[in-house]
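Heads up, there are several structures right after this.
In what comes next, chain A is part of two complexes: it sits with chain B in the first one and with chain C in the second one.
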Partner chain A sequence: MPETPVAEVRSLCKEYRITGENALFSRTFSAVRDVSFQIFPGETFGIVGESGCGKSTVARLLMCLEKPTKGEVYFRGERVDDLPEGRRRFLRPRFQMVFQDSGSSLNPRKRVLDILGEPMAYHGIAKGRQAEKRAEELLSMVGLNPEMKNRYPHEFSGGQRQRVCIAKALSLNPDLIVLDEPVSALDVSVQAQILNLLRALQEQMNLTYLFIGHGLGAVHYVSHRIAVMYMGQVVEAGPSDALFDHPAHPYTRALLDAAPSADIAQRGRSRISLRGEMDDHPPRDACPLYHRCPYAQEKCLSYRAETKPLPGQSAHITCCDRAWEG
Partner chain B sequence: MRKKDLSGKYGPLLRRFVRHKAAVVCLFVLTALILMALLAPWITPYEPTKPTGAFSQPPTAEHILGTDKIGRDMFSRILYGMRVSLLVGLLATLISTLIGVALGLVSGYFGGAIDKAIMGFTDMVMSFPYILLVLVAAAIFQPGMWSIVLILGFVDWPGVARLVRGNVLSLRETNFVKNDLASGMPGRYILFSEILPNTIAPVLVYATSVFALSILDEAALSFLGMGVQKPTPSLGNILQGAESLSVLTDKPWLWVPAGTVIVLLVVCINFVGDALRDALDPRNAEG
Partner chain C sequence: MPALLSIRDLEISFRQGKRLMPAVSGVSFDVNAGEIVSLVGESGSGKSVTALSVLGLLSRQGKVQGGQILFDGKNLAALSETELDRIRGKEIAMIFQDIMYSLNPVFTIGSQLTEGMRRHLGVSGEEAWREGKRLLSRTGIRDAEQVMKKYPHMLSGGMRQRVMIAMALSCKPRLLIADEPTTALDVTIQYQIIQLLKSLRDEEGMAVLLITHDIGVVAEIADRVVVMYAGQCVEEADAETLLSRPAHPYTRALMRAVPGLHDDRSVLLYAIPGRVPEQYGLMTGCRFAPRCPWGENCPDKEKDRLISPAPGRLCRCPRALGGEDHA
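Let's turn to the complex of A and B:
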């Protein structure tokens, strides 16, 4: 591919030590296993998966808020995960993050003007009057009244606060914005507004997003490409529409089938559903979905955990043997 | 009533404070006492350290609270003693709060070995029998007002340090601090502009109780002769007169007023602190 990706992760792994009552019982928990993907300029890359599948950990690793156990993080072709923080600091304004909980994303004791202005001043983007003007611009860009710059965070509604968070992320002219479940905590009607705002901003400014969510509809709506994660692994990834129309992995199918549909034509369709809960301990070497998959076979017990393209579709990859066989 | 006047930035805060009736009364009492102490030279015609009447004289028109064993006016001694006690309390609180905030911030923010070391030291200081530590320190150093200030200041900080550390630990997990880290904001900005302003309120509330406690400790030390030295009056060393049984039973004017003032100060400060805690917590919905 000729274009350099804005961000890339290669074979990212993250393990956490779980310490029990005594040291003998401590074990490691793999939150992220061998995750690789690239994000290209101007696109939205979506990551979807149920709670605890490691999607937020991937975001934190990409943002270099945590150190990966294994693997590499690249930003515009430059490796950043092993840089000392002192040098990485100058790259940081170029990748920004928006969190799920907008309530704790803004310092309750500061006015919006200061929340937006202080980072701009520190990074030398705008100071004083100029920063104030820029803050007003940013507020109107995200659909808020510029007069609101003197308000405190608790004087906003949840949706408005999320808009302020987006304005804050935009303020440093980032190359990439990581959106960690930005709409999950909002009302459905507000969710749609925020998603539309994100899309409009992307069109206007050619922004690049990493969009993380557990609501399939939202992720599908904004993303160009999607990766589905399950238990720390990417089980399937591909162009958004291909993945939705022809899910290859049983987990993706189950996720799609679990979403209620208003489309009458879809009613009669056969659905698959998973058994049980996400299990921490599938048998060693087995497919992580082994316990829950309706198609589980003996060969799934010895599983190679590599993602390969589907026959004839180089962009659509999955790790399920069954899919390759068709 | 005058609810309309309580608007503006501090309106809700004031409204929540006013809901504590006892605290409002206490605030008035406290203000009156502090004003009396500050304006002592204009209120009383007598020097607190010079004999101006008969020995151990019961209250009269000239000496409204009587005179002490060597003929000094009790009223002016109490006023001037209040000055000393308040000053000791204030300075000791200031010192201990500064130490506590500094150690708590460092401990909570940097964590790891630094945190362990500081918290270990804090636990050590906390586990010493408090009054004994103060007594030993007072015995080693020259007793006097300034050494009391320093001793109390250097002994009272562990509570503040723990409080601040706990706050920093929880604030570090908030998204706005994570966002600062992700934006490459420097540590000093995160520490002093984001975390510190959010810990001021609880520290302020805690400081009021340290203030009350310091006044009590000063009184206890001075009563034991390890604190403020005569002839300088303090509320504690005025009470020293009550060491003898005859004074205790027959000459109540030598100890009842000073004791009452201490009780009033401590009770009022605590009540105001309580109301302040509720007022500063915005989660207390407006009634």
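Let's turn to the complex of A and C:
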């Protein structure tokens, strides 16, 4: 694709210092290790992984809410992570976010009209009567009755509140909307409504999404490309269908196998199972999955953490040697 | 053999100001020993209220107005608070949906986990501690000893959920009521919990009433499924039949709303329009009609009666059965 990506991260690393009970026990924790990807206009890029795998940290780094330890962040081809805070402020309306808990991400003391109108006034998009009109438009765009503009957040159901959050994210015409587990807290039927809404809005307005989730079905449904993260690394990435139908990395396969299937004929199917848990720290330089992988071999101990495309598939990449060999 | 838990024509109402609003209307189903029965439906369909009523845990506004909750032949709805206390946690244990508020923040995990055993089984503190550690490891927690000494806020959500499960199992209950036990968990941990529930059913003959809105979880472990909508049972069947040949339009809609891992992404997901009506207790006729794809033109929309087309199978939609039975 010759197009300039809306957002791009290159070799992103983030380390946190964990202070123990005394200085002897403090150590650094790598939340994100060498993550690179590009998000193109009009597409949805999905990130899946278990809690603690670093997917939300990647989103925070991408939006320049935190400074990476190493690596670069680009916005429309321009490097932004090294700008001073004052000059970085122009980015804020360009990136918008929708969170999992709609209840705590809306100010309970403000009416929806003010929740939607204030950012527009602040960023000089619309004011007064004009902002009100725009807020009404936004509400009907997300499938709410514009009459609801005078209500407070608690007067809505969970699904409706998530729609308000989406309207809020849309209000500044952002370049990228980061959706961090937007449907995980919702009922299945409401989940389907919100996922369809997100897709419809994307089609109408050519929106770009970064969709983070642990519900694999939902991520697959909305995303064009998906990255699978494990212990701060992207272990596999590729077009959604290729990734889910032909997963190459043992972790991706284990993750997909663990997901319950609504097809009862699949009950008792054979699956890959991983030993232990995510906090099993592998030896230095080894593959992050070394302790848990059923296919671990000696060469996995000296692992280079390079992601390379699978043979004959330039878009589908993974860091597992075994997968490249077929 | 009679069922371990048998709910008969259960009616529950909630006081709203001066009015009584029915929340559960005439629900009946059985849970046998060694069986996992799943109660499925959206939020607001009355499934959690049904489960809470079994242990007499309804809030003060809620009241069981009619019907029976027979556990081992005893009607729990008629028992006093003291008598219920002897059953709660020992014979019937519950895992709650809200993990944030289900553990006491000022006591250690160990003290909360062993409380039930010390109280109901009369074992020594030392023995209870050992058993507690064993239970924690069974739910997939390593360093059980360490976790026992921690306070709830020091654990992640997934860990807390597993502590809750260990706690529920501590007195070897005959019936476990699990309200959305895996909703907040990652798929790999969810898988472990599903396996654990299965082994408890198979090895110890425990009965499980599993409340969920996740059809995937149902497909993995349920033996029988009761689908609830707006305070009523709309369909009941063994899991195999229900999932491969769902009859009621609500069941079908619920199943179609779940995005599968290998679905064609270009096909739009079916979303049930609207949501569960709030004052469904006052509705007459078919309660699903306003959201049903057959909609207002359905000739049977005034009918509101459970029909049994085959033994062990119930459905509230005559139209759906008409179509299937003659096929």
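Simple rule for what comes next: the second predicted complex is superposed on the first by the 316 of 326 C-alpha atoms of A that agree within 3 Å, B and C clash if a C-alpha of one lies under 4 Å from a C-alpha of the other, contacts with A are read in each partner's own complex, and residues count from 1 in each chain.
Here is the rule we go by: a residue touches a chain if its C-beta (ideal position, glycine included) is under 8 Å from a C-beta of that chain, and two chains touch if they have at least 3 such contacts.
In this text, all values refer to a predicted model and were calculated from it rather than measured experimentally.
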With both structures lined up on chain A, is it a clash or a fit for chain B and chain C? fit
Partner chain in contact with A:39 - chain B first, chain C second, else both or neither: neither
Who does A:6 touch here: chain B (first), chain C (second), both, or neither? neither
In the overlaid three-chain picture, which partner chain does A:154 touch, first (chain B) or second (chain C), both, or neither? first
Chain B or chain C, by number of chain A residues touched: C
Of the partners chain B and chain C, which touch A:274 in the superposed model: first, second, both, neither? second
Examine A:241 and indicate which partner it touches, taking first as chain B and second as chain C; both and neither are also allowed. second
Please work out whether A:214 is in contact with chain B alone, chain C alone, both, or neither, and reply first, second, both or neither. second
Counting only touches as set out at the top, which of chain B and chain C does A:191 meet: first, second, both, neither? second
Nearest-approach distance, in Å, of chain C Cα atoms to those of chain B in the combined model: 9
Considering each complex separately, which residues of chain A are in contact with chain B in the first and with chain C in the second? none
Please output the residues of chain A touching chain B within their complex, sorted ascending. 63, 65, 88-93, 95-97, 99, 101, 104-110, 115, 118-119, 122-123, 154, 168, 172
So in the complex, the part of chain B that touches chain A is made up of which residues? 174-176, 178-186, 189, 193-194, 197-198, 282
Over in the complex, which chain C residues touch chain A? Could you list them? 42-43, 140, 142, 156-158, 186-191, 194, 213-220, 239-240, 243-244, 253-255, 257-263, 265, 268-273, 275
Could you please specify the touching residues of chain A with respect to chain C in the complex? 50-52, 157, 159, 187-193, 195-196, 199, 214, 216-218, 220-221, 240-241, 244-245, 254-256, 258-267, 274, 276-277
